[in-house]
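My questions all concern the structure below.
Per-chain numbering from 1; labels A, B, C and D assigned in written order.
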Amino acid sequence: MDDLITRTEPYGYTLPLSPSGTAAMVTPPPWHFSGEVVMVEYRADPEAVARHLPPGLDPGPDAGAAAAVWAEWQWCSEPGDELGAPERCRFAEFLILLACEHRGAPMVRCPYAWVDSTVPLMRGWIQGMPKQFGQISQTLPVRAGRAGPPPGGGGTFTGTASAFGQRIARGTVHPGTDDAVPPPLFALPLAHSRLFPSWVPGEEPVTGLVASRVTDVTFTGLRSGPAELWLTTDPAFADLASLAPREVGEGTVFAYGETLLGGRPLT
Amino acid sequence: MDDLITRTEPYGYTLPLSPSGTAAMVTPPPWHFSGEVVMVEYRADPEAVARHLPPGLDPGPDAGAAAAVWAEWQWCSEPGDELGAPERCRFAEFLILLACEHRGAPMVRCPYAWVDSTVPLMRGWIQGMPKQFGQISQTLPVRAGRAGPPPGGGGTFTGTASAFGQRIARGTVHPGTDDAVPPPLFALPLAHSRLFPSWVPGEEPVTGLVASRVTDVTFTGLRSGPAELWLTTDPAFADLASLAPREVGEGTVFAYGETLLGGRPLT
Amino acid sequence: MDDLITRTEPYGYTLPLSPSGTAAMVTPPPWHFSGEVVMVEYRADPEAVARHLPPGLDPGPDAGAAAAVWAEWQWCSEPGDELGAPERCRFAEFLILLACEHRGAPMVRCPYAWVDSTVPLMRGWIQGMPKQFGQISQTLPVRAGRAGPPPGGGGTFTGTASAFGQRIARGTVHPGTDDAVPPPLFALPLAHSRLFPSWVPGEEPVTGLVASRVTDVTFTGLRSGPAELWLTTDPAFADLASLAPREVGEGTVFAYGETLLGGRPLT
Amino acid sequence: MDDLITRTEPYGYTLPLSPSGTAAMVTPPPWHFSGEVVMVEYRADPEAVARHLPPGLDPGPDAGAAAAVWAEWQWCSEPGDELGAPERCRFAEFLILLACEHRGAPMVRCPYAWVDSTVPLMRGWIQGMPKQFGQISQTLPVRAGRAGPPPGGGGTFTGTASAFGQRIARGTVHPGTDDAVPPPLFALPLAHSRLFPSWVPGEEPVTGLVASRVTDVTFTGLRSGPAELWLTTDPAFADLASLAPREVGEGTVFAYGETLLGGRPLT
C-alpha cells in the first residue's frame, strides 16, 4: 500500500471518496469487456417502441425491430487488476434492444437492462444505461463432457432473467454449425439518456442524450438458428410487457469483446 | 393499470425512463424508514478522520468520535405501496459515522456504507451517501422463544458485515435494562458529498456538499451497555481500515423511524 | 482453540467430519427457534391433499384444511453460540401445511417448504422436513416510524416466496387489534417422512414416518383478520399448484418460540 | 404435464415427495458434469492430513500431497432437461483434495467442499461429499476481448471462495502454452464417508466409506504453470486452517467432463 497517493482531501472517480482514492466503487474508463452472448431477435409493437424513445430518437425504417440479449461478462479497468479478483470482475446481464435512428443514423436503444452485480449497475447509470438488479442465467458452451452445447454450434442455449423474485424473460437459441454474421442490433451504437436526479432546491437534474464510444470490438464464434422468446406479462412490469414479442426471429450465440471509452453528446 | 398516465415521451424520477413512469428504479422523496439499530461508539485516529473530511467540514472539538452502525430497515414511498412487496421494502445496512462540524455546527459524516439491496444503494448516491453492496446481518430482538435477546434489554446483539466475500466489520452490544438516550452521532444531521461523474467531453461532474432534511424522527426502546468492535485491516480495504477503533465505547440498540424529505446545500 | 478435543479419527454430527468435530455443518439437537409468523389459512382440493399424504396419514374430518406460512427465524443450538453470528442464526421460511390425522389423532403435514439458508435446509432433511432453497420475504412489525405495521394490530402484513427465480406464493393479512388464538394448523404436531436415498448397490434408502418432538412452545401477540393468498399455477411447480387455494380463510400474525428436541416414529 | 404419472402415494428420489414425483429436489443418477477447473497442488501438514482420514484410509506414500480446486460447472440428469433451465444447471465449487490410499490403492479424499447452489449441495451429501454453501468465483478463459486469459494458455486464472461472509481461500495459476497432463489428485477415485444422522431413539445413523463410480471422464485444454495459494487461518475455520499450504506446487487449468453413476462400498 506504500505507493498509494494520499491527497489533502478525499477523492475518487465516484463515491466513496477516500484519502487514497482507491475506495471509489467505480473505476474511471476505459473498461474492457469479454462476454458470451445469447441473443434473440424479435418484432415488438412499433407503437410501444415509439413510446420508449426519447425526443431525438425515432423508430426509423425498421420500427419494431428488437432483441433480447443475455451476456455473461468479465470486465476490467485499464490496469486489469479486477481480473485477479473474480468476485469483482464477473457479472451477468439481460437487456432489451430496440432499433431506432438519430438524425437518420441507425442506432440502438436499450430501454431496460438487468445485471447481478452493483459495480456494473452503477457504471451503467454513469453512461445512461438503465441497469437494475436481477438474477440472470444462461447456458455456456462447454469444452468437455455432456452437460452443455459445444462451442462450434448445435445444441441449445437458454437464458432466463428474474427481478424481485419474478421471472421476466426466457429465451432459447438452437444454433447451426455455419458461421453467422454479427446481429445489427448488437453491432450498432447505443443511444442512452443520462439521468441523475436533483436533490437540493432549485437544482436541475443531469440529463442528456449520449452515444457510447467503444473500440476494439470483436465477434467470435457466431452461430445462428431458430429461437424462442418469452417476456413477462405481469402488471408489475407493465412497461416491459408492452415490448413483448409479436413475432420471434433468429437467435445468435457468440463471444464478444469491446472497450468502452466514454460518451459523446447526441445533438 | 388503467390509471397509468402515459406521456408522449418516456419519463421517470430515475432511470429507466418508461411510458408510464412506473419503471423508474427509484421513487421520488419523501421516503419513510423504520429500523432496528445496533450501534457501537468508538474513537478513531483523529488524523485519519480528518483525511476523510472534504473541504467545508472540520473534525471539530470531538475529533475522532466515531460509530459503527448496523440497521435493518423497512422503507416506503409516500403512498406506501412498497410495504405490500416485502422483497422490495426491506434492506440491511452497515455504516461508519464520524463526528465533524460545518461552520461550527456539529454534524456527522458517513464515509462508508454498505447495503444489501440496490434501490437503497442508488437512492443513497442521489443523496450523496456512498452506499456499496455488502452482506449485512444483525441480531434482532425476539418476542418469543430463546433464540435471541428480549426487546427490553439484556442479552447480546451482534452485527456483521462483508463485502466481496470478505468480512469487514463485527460489533457486539450487551444492553442493560435502563432507558438510554439517543446517541449523538445518530441524532445529528448528516453531511454528504454528492458526486456523479461526467461522461461527455467538457462536462463537469455533479458535486456538492449537502445536508439531509429529515422529519418525524423517532427513537424507541433505547438500551445501552458495554460493546466490542472489530474493523478489517485487509489492504483491500485500506481506507476503511485507517478508521479502525483505537478505543471502543458504549453500544446502544434501539428502534428508529424517520422520513427523508430531500437535501439542502451546505455553503 | 486450545480446548478443542481432537479424536483419533474425524467426527461430527453431520458432514463434514473433522478432527475437532466443529466443522460439522449441522449441530446436534436441541435447537431453539424464535420467529415472526404471517399465516394464511385456506381450503385446498381435498383430493389433491389426499394425494400428498403418505401411507399412515389420512385427510381426516377436516380434509382440505391448509395454510400458507411465512416465518422469519432466529435459531441457536443449546450453547447459543450461533446468536453471536447473525450471518448464521437467521433465516426465512415459507411452507405449506395440510390438516391430516394419524391413527385418529389430528396432525399436520408439510408437503413443501422453502428456506433461504442451507443449514436449516439440511437440518430439515434430517427431520424429514422437505426444505428447498428459495427467496422468502415478509413484512415485519415496526416499533418506530411509518414503514410498517405496528406490533399491536392494524396495518398489513405480506409474504412472498420465489424459487429458481419464479414467484411461487404471495399472501397478505390485515390483522385486527384483538387477541387471537393460535391457529390449529400451527399448533398441532408435524408428521414428516424421512428419506435419504441409497447410494451403493443393494442398500435400502432411509425412510420412515416420524413426528417432531418440541417443547417450550410460546405464542405471543396473536392478531387475526382478513387475508388473501395466491399460489403459482406454473407447470414447473405442478404438484404445488395442485394445492392452490379454493377458498381463503383468516390470516394470523404472531411471534412464536419453540425448542425442537428430536423425532419419534409414527407406527 | 399430461404425461405425468400419478401414483397412489407421493413419491420421489428425494424429498419433497409428491403425487407426480417431479417435485423431488434431486434427480436420480446418472448425472453429467461439464466444468472449467482451476487447480493448485500443494503440500499440507501430513499429520493434519492423517487426522482428516477416517478408518480405512491411510495417508499412503505421498502423505501431505493436497490440492485446492475451483470448478465452474454445468450439470444435467440423463434426460438433460436441466440444460434448458440455466438457473438450475449451473454452479460453482471449491474443494480441498488430499492424497490417500485404501488397502494400498491410491485414492483421493475431499475433506471440505463448498458450492453456491443447494441441489448440488444435497446431491453431494447423498454421495458422502461434504458440500457446504459458499460464494465461489473464478476467472474463465475468454474467446474475445481483453477481459480475461485466452483458452490456449498464458494469462492468469484466479479462484476465490468465501463462507458465511469470510474469505476462506484464494488461488492463482499462471499457465503456460504447452499441453499438460491431468493432475493425479483430480484423476484418482474419490473416497467419501456417507453420514445421515439418526433422528428417532434407537436408530443408527447412515455411515459408510464409499467410492464414486464415474465414467466418460474427459480432460481438455490442460495448461500448467506457477501458482499461489492462500487458505484462511481464522479460528472459525480451524480444521480447514490446519490443512493450509506449507509449500505450493504447480497449478493447472483445464476443461473437464464426467458422468457420475453411483457409489460402491469400500471394504
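Observations, loosely collected:
The rule we apply is simple: a contact is a pair of C-beta atoms (placed from the backbone, for glycine too) under 8 Å apart; a residue touches a chain by one contact, two chains touch by 3 or more.
All values reported here derive from a predicted model rather than from experimental measurement.
Interface comparison, C-D versus B-D: the higher count of C-beta contacts falls to C-D. Although subunit A and subunit C share one sequence, what matters here is the overlap of their interface residues, and that overlap exceeds half of the numbers used.
The mean-CA centres of subunit A and subunit D are about 33 angstrom from one another, to the nearest whole unit.
With each centre defined as the average position of its C-alpha atoms, the distance from subunit B to subunit D rounds to 39 Å. The distance from the centre of subunit C to the centre of subunit D, each centre being the mean of the chain's C-alpha atoms, comes to 30 Å. Listed for subunit A are residues 85, 87, 135, 137, 160, 162, 165, each touching two or more other chains. By the touch criterion given at the top, residues 1, 4, 6, 9-10, 12-20, 22-23, 25-26, 28, 48, 51-55, 85, 87-88, 111-113, 117-118, 121-122, 125-133, 164-165, 193-197, 199-201, 206, 208, 210, 235, 237-240, 242, 262-265 of subunit C touch subunit D in their complex. Interface residues of subunit D, counted against subunit B in their complex, comprise 135, 137, 160-162, 165-167.
Across the complex, subunit A meets subunit D through its residues 32-36, 73-76, 80, 83-87, 89-90, 135, 137-140, 142-149, 151, 156, 158-160, 162, 172, 216, 218-221, 254-259.
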